[in-house]
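Pasting the structures in now, so scroll down.
Shared between the two complexes below is chain A, which pairs with chain B and chain C, respectively.
Let's look at the complex of A and B:
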């Protein structure tokens, strides 16, 4: 992009403090958004996609300062702010995070937000026309008739009729309400619209209509869009570029076609494969991401995705089946977390059948996708040792054995962004093997 | 089921609501059946009556009080003739429901374990210890890690996907013969959706449950369904095996629905028009006003009788009557050959 982007987000962070005790001391922070950076050009749609809890919505609200970001820069060059520059004290004059109340109010004219649930974003006792017109009033248009005229005109533009001005929200369906929400977002003629899951509460047939409307209006008003969704197929339909978020970080960003056709980050790959294909014959089971997104209060070290990644890297000198490797690491993590309850396993198996612990051993191997005999002798010895300890009730010790034996570069090194082609970047060690610090086989 | 009688057999099910604007017929005389170990999907736009149809089975239709008629035979008994206490023994025990929104389906003042225990103890006289053991077991089965310690957590301490798992655990409390799942994955992420669908599949195998699955997501349908029922404006438009419906949809509505899929038809504009007014449904075919092939015969009389268009596949469309030429509709099928080179194959 040669021209100045409309919005530049640099290393944006939003941490929610966790307080405890009598004096409300801060004991930690939920790192909802942890250093994300991207640009949105004029007239461009950037999609932000990821599982729930990955910080997409927090990113959106922090960007338009509905919530105060913890740190980072958000440079907005809309309206006549185009010639911003960095002041002597290092603060950019168009940095939203430093706007005063007056600047912020002006900014609110230029950036609008659409929310997921159209039903809860309208006051049920106010006519929808007045809800839309209120925006004009707040921003200083005192002529009631002119307000009405603008709103009536806009209602027609979004596919409703001017007479709908005097109706109440409950008289409209979800899709119609979302049209009104669009009208409300457009009434101040903004440069940027942040749409947070704007169609996920709608029916598929209506989703398609609203997405088409959004695209048409975007072209008509030359809007930039930040489009947040957990639904990859929606992103594919409307976005020029897409950023994939995981646990507060962007793991991959690039042109939508490229990312969909050739995902570079294993997380993107897994997300794409989880989309159900409307083909009853396809039996290909997608890559299964086990477990849920880890807690953002204590994100995993290194690459945050390594606890669930199906391509997690094996240390130098080890070469076993990848699903075995994944299973080993998962077993290790579960043991360390104390999440494996041998007693209840034994109960389920029946004590009589399992006096020597063979049942538990084989059940653990099945559960964690481990072969009866790992192909690497050293690894197999370590695993056997650990399983013996599990059977003896020493889960902690078993965890220690596995921890000292098995480590992955992914948990030690934070991956840098690798540039693939035209704007397509991802943050994965697989693309960055030269930079890998070779871990010693027995680290501690 | 060893006998010829299906697990659930619904005949002429009609659900009406009395509203200020008159009688509203949400479900209008539909038939369907579900066998043990089988997954039947009801698909259609919102407002087509899919949810009301499933809620009518156990008469849990919400206000304004719906009036349910017809017959719903479950394991040989007619549920609609049962008294409320009799029905309560079956509801939530032999027939279990899972709803779209787990947040709303749980009481956030109680721990999830307590709520699962309650579901069990309402139906069976079991001690607290036994109930607790069963609840922990179920939580474990649906894939909640650390089930025994999560037992005492409140719903807000669970993520959306975990809550849906808890809902499924609660539904499984009575080893149900029939599980009615109303858009259980619509509010979830794709990754979690995949996990839940897989879970349902495993559980179905384990318990030989019949599953009646309501959804509008045809991708999900393709993944799990054995048979499909396509509903529109309270009527069944088409029914058949999953391959039949996807390969050669017979009803113009089904064809248009499949056309809306980005990977198949690429019709991003949706189906033009709206569902007809349920207070005053039009004569003839309910879909006539939005159909590309409407002729005069479509606008008179009742919704056309369902005609068998292929073995096991039936459609309710006048074109399949003997006097009409059904090639017009059958030709529409060619456009909907699934194109699997899109998103779906980006994974391998």
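Let's look at the complex of A and C:
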């Protein structure tokens, strides 16, 4: 390791307690961020990508300590802190999560944030110039004229004019407001900027302008960026490295070009396939992820992605078509959750033509991508048995049959991180199986 | 680009700055401190160094005395000037926008005019016109242009035409039984009404905003305790409390203002709490928290100003209640009989209602108009300052 990273996040967790009852007993926790680790080097841009609700923004606010993280370390080696060391009791001296109020205030000068919604990130009753200048004032610059000069200079630098100082937020367009937000984040001359979906509320044409501005400023002031987005194409434009997040965990992390060229995690594959390609002859079909992100209060066991994964592993001894296998598991989960209402299906079909339940059977098979006849005889018997029970109105029993018959290793084993190349890692059981060398947990 | 001394954000030496300049007051606060200092000193001088019977301004040869209520009134006026009027002048474009919105409501503009008259009358009147004096000989004089049966008037100041005593310009609204000029009494009553309006508003706003924001920001059991306390305040029988205090300490105007405003902030506190809760969810609050600003600063600079529009409206609608309460108590004979309030005047005239109705009607109409004006003003402010309406109009 030649150079210390600017920021290293180690096993960061943020759980929101769920309290109930008269005495506010904690009955559970929403694990918004559940143990993420990554490094950001000086001048580097790390993209954090994932669908909404996966904990990206919580990760950002916890890292910058806008919210108190539940556990984990965030070590920041910016400005003059480079000589950090670990104390006797195992607390790193540069650990943001242990900063006192005083240290935290100094840290605010070194790390700033840009928010998603430009329309609500400025106080509507304060002139934008004053909003930016407030940062300087908070940190002790009491010379009003000097503040104004600095801010006016900075406004020009982000592509606005000095006279915009005295205008109110509602007099600007979204893109202009995001430029001002950038000025506000820059004015304290930080080392790190956390950008929480900075362009997703903007038009595509304006997105490009803002992204270019961010890149220019980054190069000029040697900024590190944590760039959060749900849009893979935006990530591709700005990020040196990318971390893919699913349900509070990082499932794949690596250099942007390598992740885009050779995604190792099925979830990354699915995200990448959602980028529209400009080639009309391209026949590559997008991978459609079914269902929604499971609730972070009760994340799925094993690999958290197994409930939606299109490459979910089949148990030993079973070898059927992958889409059939996915369908079987989905059917099983839906039955166990009691989410299949046979009565209403029957009503929709009409009783007369479905006295023996063939209609329901075939409808279920179509809905869950199951062939009329599974290629594996044993599996087919179990499925038939389950469908019979469904027709008899015993959904619970059907679920039990499928549960006892079909299980995937994905729901039993938590995948370790697999290292594919120098700094390209992913967490998927497929790679354990393929026997890729696994040095597992990242060493500091 | 500035060539001589470039002021750029990346060339700031923070290590030299961060410890200096702790006390960073705005112009408004500096003005407030500078102007209220003499008032405080005068108050101390009045309280400590001169006797109860000596007039405050005797040292410069003026025979004017200031009560503790007057000091408080001056203080609130300064507050209003530096934190309400001056900011409006400092942000002319925002003021123009509010005025444009406000202007749409014609009755409110008329109301504002009327309240300005009452305000100016209350503030300047007593300096120009000498206090109404008792003169039993000229009791029951009718208002100008009106006349009354000469038999009811002991000594008619104007002409007696056909057995009718004519009113004169000397007493434009007539006189009371004791011979006090009704007009002068109304002018002096304006001072009382303005004192009630300003001081109660300040007390209610101060306590309500502190309770509301602390409650919203502290959360947990602090929130719970404060809000239950608000429930107690809201359900407290203020009138009974006032009667008790009246029995023990006597019924001064100061006591009235204190008791009634100390039991009136409950609604404001609740209102401020719910408003602050919704404002504190906004992203700009996060943005200012991440600047490293203290919670106090965030609340003071961003949360309170953004709840201010609703608070101002709510307070404006509270004032009529206080004015009415004062008049009612005075009418019942429970008020401070030493002050020339409108309520006292009405109460003084009720026995002569049969032949001298002006004693009751003149202050009654003024009171009615003032209360109506406050209500109109509150409604118009709600429309003009409401941020939601503002957003829709864009």
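Note that the second predicted complex is superposed on the first by the 425 of 444 C-alpha atoms of A that agree within 3 Å, B and C clash if a C-alpha of one lies under 4 Å from a C-alpha of the other, contacts with A are read in each partner's own complex, and residues count from 1 in each chain.
Criterion: a contact is a pair of C-beta atoms (placed from the backbone, for glycine too) under 8 Å apart; a residue touches a chain by one contact, two chains touch by 3 or more.
Predicted model, so just to flag it, every value in this text is computed and none were measured.
Following the overlay on chain A, a side-by-side fit with no clash is recorded for the pair chain B and chain C. Contact with chain B, but none with chain C, is seen for A:270 once the two complexes are overlaid on the shared chain. In the superposed model, A:153 makes contact with chain C only, not with chain B. Once chain A of one complex is fitted onto chain A of the other, the partner contacts of A:115 are limited to chain C, with no touch recorded for chain B. In the superposition on chain A, A:140 makes contact with chain C only, while chain B stays out of contact range. No C-alpha atom of chain B lies closer than 7 Å to one of chain C in the superposed arrangement. The interface of chain A with chain B does not overlap its interface with chain C at any residue. Chain C makes touch with chain A in their complex at residues 1-2, 6-10, 12, 14, 17-22, 24, 93-94, 282-284, 286-293, 297, 301-302, 305-306, 387, 390-391, 394.
Taken together, the chain A residues at the contact with chain B in this complex read 51-53, 174, 203-209, 211-212, 230-233, 236-237, 260-261, 263, 269-282, 284, 286-293, 334, 339, 341, 344.
Against chain A, in their complex, chain B makes its touches with residues 45-46, 140, 145-146, 148, 159-162, 188-195, 197-198, 216-223, 225, 242-243, 246, 257-258, 260-264, 267-271, 338, 340, 343-344, 346-348.
Of all residues in chain A, those touching chain C in their complex are 61, 64, 66, 104-106, 108-109, 112-113, 115-117, 120-126, 131, 134-143, 146, 149-150, 153-154, 168, 170, 181, 184, 186-189, 221.
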